[in-house]
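For reference, chains read A, B, C and D in written order, and residue numbers begin at 1 within each chain.
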Amino acid sequence: MRKIINNPDDFVDEFVEGILLAHPTLLKTPGDDRRVLVRADAPVAGKVGIVTGGGSGHLPLFKGYVGMGLCDGVAIGNVFSSPSSEQVLKATQAVDGGAGVLYLFGNYGGDVLNFELAADLAEMEDIETLSVLGTDDVASQPHERKADRRGVAGILFAYKCAGAAAERGDDLAAVAAAAQDAIDHTGTMGIGLSPTILPSAGKPTFELADGEMEVGIGIHGEPGIHRGALESADLIAARLLTPILDDLDIASGDRIAVLVNGMGATPLEELYVLYRRIFQLTSERGLTIAKSYIGEYATSLEMAGASISVLKLNDDRLELLNAPAHSPFFREA
Amino acid sequence: MNTPELKTAIADGLARLSTHADELRDLDAALGDGDLGITVSSGSQAVIDALGQLDDSVSPSEVAKACAKAFANANPSTMAALVAGGLLAGSKVWSGKTTIDLTDSIDFAQAAADSISTRGKSQRGDKTILDALMPAIDALRTAPTTDTALSAAIAAAEKGVEDTKGVQSRRGRAAWLQERSIGLADPGATAFLRFLQEWKTR
Amino acid sequence: MRKIINNPDDFVDEFVEGILLAHPTLLKTPGDDRRVLVRADAPVAGKVGIVTGGGSGHLPLFKGYVGMGLCDGVAIGNVFSSPSSEQVLKATQAVDGGAGVLYLFGNYGGDVLNFELAADLAEMEDIETLSVLGTDDVASQPHERKADRRGVAGILFAYKCAGAAAERGDDLAAVAAAAQDAIDHTGTMGIGLSPTILPSAGKPTFELADGEMEVGIGIHGEPGIHRGALESADLIAARLLTPILDDLDIASGDRIAVLVNGMGATPLEELYVLYRRIFQLTSERGLTIAKSYIGEYATSLEMAGASISVLKLNDDRLELLNAPAHSPFFREA
Amino acid sequence: MNTPELKTAIADGLARLSTHADELRDLDAALGDGDLGITVSSGSQAVIDALGQLDDSVSPSEVAKACAKAFANANPSTMAALVAGGLLAGSKVWSGKTTIDLTDSIDFAQAAADSISTRGKSQRGDKTILDALMPAIDALRTAPTTDTALSAAIAAAEKGVEDTKGVQSRRGRAAWLQERSIGLADPGATAFLRFLQEWKTR
């Protein structure tokens, strides 16, 4: 292991404490549960609250997207594990400004069940909730089963759109619709070059030889659709991009937003090498990249690899993307 | 069984369940994310701890509820949430009872299975815990005597687990593997089988 | 190798092209040399220009700190190699707004020599230059030889202070003084847990067994002052922080800025585990962290490891740190 | 030597220098950052290419300048910048000359050494290229005949490289190693020795 940690069992509590100590003006924890973070100004009266959550080990996902113009709260699970329904409920209570709460999170069994349970509990407290699930990983299910896909880095677009919609005063149904609309027009595909080691397990989550790549990998190292010898960056860009563009039915003249995401150990330089090829490929197809994000937005601890996400744009979505947002980990001016 | 007996039975039944943690982790690592070992070992420990805090005067239904809550929060994964939901559902059919017999256990298990199926949108054959749980319930129901019921349930669960090897996962993380999931036993079903076996030898 | 690259010889040109394609409104290249990037609005008339530069492989260093309130231009070397004097000169010409140019870069032999040569050439064109060198790595030389130390992540503070001074209209001498003042009050120490592989070399820059750590490592993997078994995050925080505080003579009542920097493959979560302990240790010493930066600011490709930098603050320095800045990789609002 | 002879001599002398790239990389990896192999091989190639572009009518001084520029830009590391600066300084002492003899070469080398020492703020004994270059110049000066001068310079440089093993690096990256730098030969000095050896067998 090459980890800068103390007792692995304390890992999550300690880094969340670090986040709270570093960003006291932006984030707070309701009560004494360090597994729930909310905006420092929560609840914002009259505004729809947005709660996300999921396993740890993906920073800046999920905790990093709590802030103005983004989510209002997050429930924090152990590394790669769902938060409990109790934690989701606490986040819900803390962000409810009277206009209801949107649950926006990735499509993972444990998360779905715990958010569902939390929704039942919130209902008993007369807090209205709606749920929208991130299902952007095109490698995880065929087009016809889009709703069953895993949620990966592309949820960023949904956070940004839903967060902006909530901030401008949309009601719960409209905020949920903005989130769902973003997800409906988002596709992601990733490639893994090395596995992750969970702090508590101390061994790799999967085996991948040096010089091999797993195409379509999930952000917990879930197997993809192809394993083979590592290819050039230009070929990888095409391998990841083409299925997404096809899946979203993106055609000449369309505007898109692109997210090139590093999974942890891949240098930023390599992400820009990918972006260069993405720019060329999309130009050739007659597309315009109206917005780009290049960096680490959803990681898998120290996995080497990257993913490409595409959001098909229209004026609405572009306006929501460009709306101001501010968290310790994300900023749109 | 009355409450003190039930508490002891559960605690004893779970005492050695964590010895199967490695097997379950490896199965789940192959088909999912590898945390089922933790869910089962930290979940059992949490239940044992919760039972230790529980007064002997509470009802069997309260015992089941406490188990559900403890298991849900220990490592809140899919199995934890489904099993906890199942235990909660089971606790409802026990409400009002002060002792528990075989029929009550069958009713409990059936309510749990129904809850898992509803919440998980899953059925027998989807390669989940239900493929061990449902045959076991059938076996309990048709067992000629109370004495042989548990052994019959174990045998049925064993066959159920074996059968999951031949099919493709249709629920949970393992479903993403599609054809590649064929060949391995379902981790959740295996976990239930190990629980029954430990229950027998407690 | 686990790298998403094409031909290793094209690596730098390709990622720089990616940066230009992604950020055309913020950055441009003067002429056709992709090894020189400047602010899109360069030269800013009447403003002191700031040129930095150094080897590639450290993103967001150095290219990431070209922007408003930061540097005006950068000369880009190969991976871990100096840029040429010709490239530095081109950057100088492109950013000179008539008020002279500050060279602000890390203390590495090749860089020093090439910037010196460029200064000679600039003088022949009547462009006045001054040079300030980053020398913040406390592990690389004892206190008495501070001027001979390596420059590492702490140069961020100097960029920020000098950039803000230039932006508010300070003259060349004053901008250089602001940079030197920041460097005089900055110390950094790093730890490495795994080596880097240079794209062209294809093998690790140094050997470090799994479970070992190199304390005091440089950003090219230069050896530090201690190699031993990996310790807990809390012990590492103390090992890195204490020598810095001593070196800067920081005492109870002082205000500081802290930078916890990831070297490439270390998850953000681990940086926050470090920050938590730094917060505790500095609180115990009676210090106030008035500003913190946690993330990847100066990397070594995919090295696992982290560094801690501390800037001793006074009102001036804090004001300069808080001044607005904006590049594709760094923002202060 | 006139310009065409000089150009051929340099190109031939550098032709096989890159065969030492691995040795130099490994030495520099142990004491510095490992790029000296690249500096020397891409630098030699750049010089050879530049010479190919150069008209035979230019002066020996122009030849040296062109070499300096090519070597400086190929892989602009410390060695590249110091050597290029040295070549530029040497080119100045050749100005006005159309042919070059041994004395001219010695003057050139001395000017180069002085430039490296000034720019690098380094002296003999600091464990740098100067520890091979300066003894070699001394040997050239005191060699009894022109024929034996080069061999004497090589022998002196060899001893100079050997001597660097015993001392601590005081300049460049290797200085950061402090005591840990003792025991290994200086990469830059070794590179100069290999150059002399290749020059002899060209």
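Just so it is clear, contacts are C-beta pairs under 8 Å (C-beta built on N, C-alpha and C of every residue); 3 or more make two chains touch, one makes a residue touch a chain.
In this text, all values refer to a predicted model and were calculated from it rather than measured experimentally.
Undergrad: If each step moves to a chain the current one touches, what is the fewest number of steps from chain B to chain C?
TA: Tracing touching chains, the least step count from chain B to chain C comes to 2.
Undergrad: Taking each chain's centre as the mean position of its Cα atoms, how many Å separate chain A from chain C?
TA: 29
Undergrad: On a C-alpha centroid basis, what's the spacing between chain C and chain D, in Å?
TA: Each chain reduced to its C-alpha mean, chain C and chain D end up 32 Å apart.
Undergrad: Where the CA atoms of chain A average out and where those of chain D average out, how many Å apart are those spots?
TA: Measuring from centre to centre gives 55 Å for this pair.
Undergrad: Give the pairs of chains that touch; include all such pairs.
TA: A-B, A-C, C-D
Undergrad: For the complex, which residues does chain C have touching chain A?
TA: These residues of chain C touch chain A: 1-7, 11, 14-19, 21-22, 56-57, 59-60, 191, 193-194, 210-211, 230, 232-234, 236, 264-276, 279, 292, 294, 296, 299, 301-302, 304, 306, 326, 331, 333.
Undergrad: Spell out the part of chain C that touches chain D in their complex, as residue ranges.
TA: The touching residues are 77-78, 80-86, 108-110, 113-114, 116-117, 140-141, 148, 150, 198, 200-201, 205-206, 218, 220-223.
Undergrad: Could you please specify the touching residues of chain D with respect to chain C in the complex?
TA: Residue list for chain D touching chain C: 25, 29, 32-35, 38, 72-73, 75-78, 80-82, 85, 119-120, 171-173, 175-177, 180.
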